[in-house]
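Order of writing sets the labels: A, B, C and D. Residues in every chain begin at 1.
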Amino acid sequence: MRGLPPVLITAIVLVLGFALCAVQFPNIASTRVVGNLLTDNAFLGIVAVGMTFVIISGGIDLSVGSVIGFTTVFVALAIERWGVPPLVAFVLILVLSAAFGAAMGAVIHVFDLPPFIVTLAGMFLARGASFLLSTESVPITAPVYSTVSDFALRMPGGGRLTAIAIIMLVIVIGGALLLHLTRFGANVYALGGSRTTASLMGVAVGKMTVKIYMLSSLLAGIAGIVFSFYTSAGYSLSAVGVELDSIAAVVIGGTLLTGGQGSVIGTFLGVLIQGMIQTYINFDGTLSSWWTKIATGVLLFAFIALQQGLVALARRPVAKSAGAAT
Amino acid sequence: MTALLPRRGLAQILALIVILAVDRVVSPQFFDLRLQDGRLFGSLIDVLNRGTPVALLSLGMVLVIATRGIDLSVGAVMAISGAIAASLADSHGLPVVLAASLGAGLVCGLWNGFLVAVLGMQPIVATLILMVAGRGIAQLITEGRIVTFASPGLVWLGNGSILGLPVPVAIALGMLILTGAVVRGSALGLLIEATGGNARASELAGVGTRAMILSVYVWCGVCAALAGVIAAADIMGADANNAGLWLELDAILAVVIGGTSLFGGRFSLVLAVLGALIIQTMNTGILLSGYPPEFNLLVKAVVVMAVLLLQSPKLSGFAGIMARLRRAKP
Amino acid sequence: AELTVGFSQIGSESGWRAAETSVSKQEAAKRKVNLKIADAQQKQENQIKAIRSFIAQNVDAIFLAPVVSTGWDSVLKEAKEAKIPVVLLDRDIDPSGKELYLTAVTSDSVHEGEVAGDWLAKTVGAKACNVVELQGTVGASVAANRKKGFDTAIAKHANLKVVRSQTGDFTRAKGKEVMESFIKAEGGGKNICAVYAHNDDMMVGAIQAMKEAGLKPGKDILTVSIDAVPDIFKAMVAGEANATVELTPNMAGPALDAVAAFKEKGTVPPKWIQTESRLLTATDNPQKEYDSKKGLGY
Amino acid sequence: MENSASLLEVRGISKSFGAVRALQEVDFTLRAGEIHALLGENGAGKSTLIKVVTGVFPRDAGIVRLGGDEVAPRSAKAALQAGIATVYQEVNLLPNLSVAQNLFLDRQPMRFGIVREGEMRRRAKALLADFGLDIDVSAPLGNYSVAIQHVTAIARAVDLSARVLILDEPTASLDRHEVEILFRIMRQLAKRGIGIVFVSHFLDQVYEISDRITVLRNGRLVGERETASLPRIELIRMMLGRELAETTSARAAAREHESRKVCASFENYGKSGYVAPFNLELRHREVVGLAGLLGSGRTETARLVFGAERADRGQARVEGTPVRLQSPRDGVRHGFGYCPEERKTDGIVAELTVRENIVLALQAKRGLHRPLPRREQDEIARRYVRMLDIRPPDPERPVGLLSGGNQQKVLLARWLATSPRLLVLDEPTRGIDVGAHAEIIRLIRELCDDGLALLVISSELDEIVTYSDRVVVLRDRAHVEELAGETIDVGNILAAIAADSVAVALEAHT
């Protein structure tokens, strides 16, 4: 199975980290904290799934944070000010964000421009558009919101598996299936291997590029809706910097930024590792703003170094299979 | 007719001219210059002066990107060096202050280079570590305060003038010439381009690719540190919380607008600096225009896309458009 | 027993914020309260995470300096379920969440803008006056409120007009850059009669820009800003700044007292403990203000 | 076969890249059921013609008819759908995907929108079995040697070819045995009525397999002939536009062995899991050939000798002095040079110009502080462009835009420019046209006479026999035999390669 060993290693790193944290703060080892970890990182997990596709295909999408921000504002205004029923608002925003991603993908392909820059422009655009919609934060009072926010499966030990956590888990599983079991997924890897070669082998590179960025923006839209559930509000400055968090999660999860390798499950573990770091720092609670940043950096380094070390260890020199059998 | 014009850089120059023209439209006094206390004064000078930090960053960034890397930590390094400069300014002489803050940039660059070249981490995550932690270090130095200083030497670096030009602009020009001389005067330029173009092949050709990668990150760190010192000198204080915030994106943008590919290889220092100027010309234009700030990002997005499309290989810039027109005729 | 209080702080985006953090620590130490501060790095999601982890740790009270006014309902409900009182510091949240917190210790940022506007109107008198405005970060509620208050105050005076308004992101560097362009756009500064900045840091940058343009801030151009950080008093002493509206960094003191009273005697504090928005000008002994504030971690 | 209908008709195709006119009014006709060789020098335009036909490059002029209907595929996918399957010269497959995925990319067996992994693997195994390959098809393709990758690419194209199969230098990295298998399959396909275009620089193979030959020169059509009625000399004249004294496979006169000083020696040198420890002496004025099957460890030996791979045992000496070869830099410092076999990934820096690629190793050797002045660079570049006949003779052209064979020459020039004492050449003539092939072999001999020590790897045993003074034979990543002097001939080498299965070797030889 492609990408499994690094994923296992990432999982080991996560469990190890969790155990270490639990030794220091026994409270961490509770379903409550685990539930929180899933809920608090739900939107990050969802965008990171989309980012995984983009990065494996050899691209990058810097616009996701802004798309989340835009989505929250749009949804809030649609429901609260324009009187659109919530479900219709969701459909509208998902169509809108998918179209936005498709447009970025098309520009990247047609004009042969670097994704980094095109999506950077997309990031400015989406954030700018949300400022235009509203610079104030808009509370959402629709009953769906309180129903969804209050919904949770109780786990033994008082933990709550919330609706948004469930949405995230479903998307992670769906993403993994899409990436690893479908033709679309294989083509994503193919693009990451080499766009030229993939094209010579008959992959419709242009269509794929459009679809991949569309998927990423669509998931960012869903993440935006989840974020609006999470905060019951729309705010133009929400989710600033999420693009970097999700890229970090994807990379920690063992996906190569150069494309062609990686997995959705790895990304999910990467998200959890980042959540762990955050939780640890919150539990510690003695860190000043600057020590928080330094500790985040150090822990990020420690996790990546540990993981790379383990991967290097695991990569035993395997004799290459010999040539033709005669 | 294309033979008369430089092939590279045409799109950038064109873009700059167009944006300058737009600036002139939104602000009729854009090209006014006058002498004020022995120093030129006017919007054009503002463009140069405000563009300096990003121009300096892009000088380092362009080399990093040429090796197929990226450095997200430059904003944080600016904050660190600014913090160090500000805390030492009133108790030490200018040489010590500069040595300490540029030294800090060098150490930061070494760290990034070590992670990328020796540990083999992917540049974007390797430098993300310092991007996060570095600002923390800067805040640790200032303890979250804005550390102000009055040392005339350092203040002069930010606000003085040489031959009518603001000192930061002179410094940036000097750094451009210095970097150009080092990179193109030695074999560094060729070896960096080879490393970025095909690291495996270059390694096999005997190029010390690790040393190349290490050195570009170090230089990037030093450039960022210098930008940080200038940014601190400009406001006579180190604002560790905000100095250089998100400037890494502007620097990367400048490099790309300057025509250097994010996939490494060929690079141009002058065009990267030109890219920084294009961005600043746009920013200054936005400020002068009087539009409500809610529009800032939208305008930025549109201009960036326009500039990029102008140099898209598919349209192959201006020349491509001309060729198309010519072909369409018969 | 010793109280443990979790404080979800926004971050350290400005000198004022750093001062609030360090004053909070001092106030907690004074009262022998164990204060756990989680820094959210300007992100709401981090604040929510922090509150959740405070709940998981079963603290005695939670202080929250909300980065944005909305989106706290569900997490504050969790706190309420866990019977942990929540006190808002420095900023208020959306009215729908009223019953979810014990009290809010805040200033009124609309009022701050009004104080600034009133001062300017009074100082200018009947003379026509073009004002330029340095806004805070686009989208920040404080920025919107301070703008709103100021606008309301000067709306009564037809001679006052805001001619330019741009964001300076609450920072010195941007304040300086934006002021430079204002000066260029307004006839070298000749058409500007006053600057209003949403915080002092931007004003300090703007003052430099004016000086470099050969203008005399405080004389040629009046200045009024908000926060009362030490450096603005330095400028006042030098005659380069005219007025500032104080935003006290001591929000934790009253909050801690309210919590202690609530825990010991069950005293329910008022829903809003408003801090004073003092107007401080050059006549209010800026040197003394500077000396008293210098050590607070701004 | 004579009267079979024309399947693929190309008329008046032209294609320019900027100022370079790669194709001018080329006609080409492929009939159903024939194997048609497309020949020409390096840079003649063969690959370009193929890419224009399959829609990878847009064409400037001309038409393409497939089975009588005009077609204008605008992408490789469209060409595939029209029934034209192609193995392109340079880009093969995707090393990050599994072998099975590579074989079935974009046409995987599906059920309910889900790829049937098991079924796909089964089919992949069956497909490769036709080529005598039994490998783990779920492993990433990149884990396998170039040869296996190439076979996979061919297998994919064969499986895809509905009407036309185009093979651009498919045999460049195959050994005799695999070439045999390929030819067998090509004949089967032709019998089924599929038209096959075959590009190769191996004239023996062309005569063995093709029915008809089309020759291009400088982007123009020279002519189309029946293979059977075209004498070899005549074919070469068509390709080169001049006579060529055909290289004989006769050995060069044996040179004095004693007079040669040892240049570099390796004692018990090796790396575990890579190559078994070996002893090797390389002398000035001497060519040592490395022979063996694919995967026998020739490239690995070369990399160890050059320093591209670190040995974990043994001692290396240069001119008698013990040295440590830790990195390519060490190799370069000691005056070694190495032309790797995978020129695209390990050799050229595509974006840089011919000049820059040529001076790269020399500059790396001189160090940063002594940049070659531009004038000197130009001079070096011009010298080698002329000496090796690199085309187009423009030193300022990005090397990635050169044809495959010309890229190979640029690599050779890179190392010659460093005036090395030892040159390691891994498949130096791969993809090189007959003219240049003769040139390079002549060059190898000359260099050798000038005192250079050479270690040459080649899958063409004739070639090895022609220039080698000694031949080291490898099997299973170990040096198994050394032949010298009169004992060097193709038969002996084959015997050594397959010492334990002589029969196979003999069969392959015929």
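Just so it is clear, contacts are C-beta pairs under 8 Å (C-beta built on N, C-alpha and C of every residue); 3 or more make two chains touch, one makes a residue touch a chain.
Fair warning: this is a prediction, and the values are worked out from it, not measured in the lab.
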Higher C-beta contact count, A-B or B-D? A-B
What whole-number Å value describes the gap between the mean CA coordinates of subunit C and subunit D? 71
So, what's the distance in Å between the C-alpha centres of subunit B and subunit A? 30
Starting from the mean Cα coordinates of subunit A and subunit D, work out the distance between those two points in Å. 43
When you check subunit C against every other chain, which residues touch at least two of them? 11-12, 18, 21, 138
Which positions in subunit D are in touch with at least two other chains? none
Find every residue in subunit B that makes contact with two or more other chains and list them. 139, 143-144, 294, 296
Which of line, ring, star, complete and other names the graph you get from chains that touch? other
Can you list every touching chain pair? A-B, A-C, A-D, B-C, B-D
Per the contact definition, I'd like the list of subunit B residues that touch subunit D in the complex. 185-188, 190-191, 193-194, 197-198, 200-208, 265-266
In the complex of these two chains, what residues of subunit A are touching subunit D? 2, 177, 181-183, 186-187, 189-190, 192-194, 196-204, 260-261, 317-326
Along subunit D, where are the residues that touch subunit B in the complex? 306, 308, 327-329, 331-333, 338, 340, 345-352, 356, 359-361, 363-372, 414
Using the touch definition up top, name the residues of subunit B that touch subunit A in the complex. 72, 115, 119-122, 124-125, 128-140, 143-144, 249, 252-253, 256, 261-263, 294-302, 304-305, 308-309, 312-315
Which residues, counting only subunit A, touch subunit B once they are in their complex? 107, 110-114, 116-118, 120-122, 124-125, 127-129, 131-132, 135, 244, 247-248, 251-252, 256-258, 288-298, 300-301, 304-305, 308
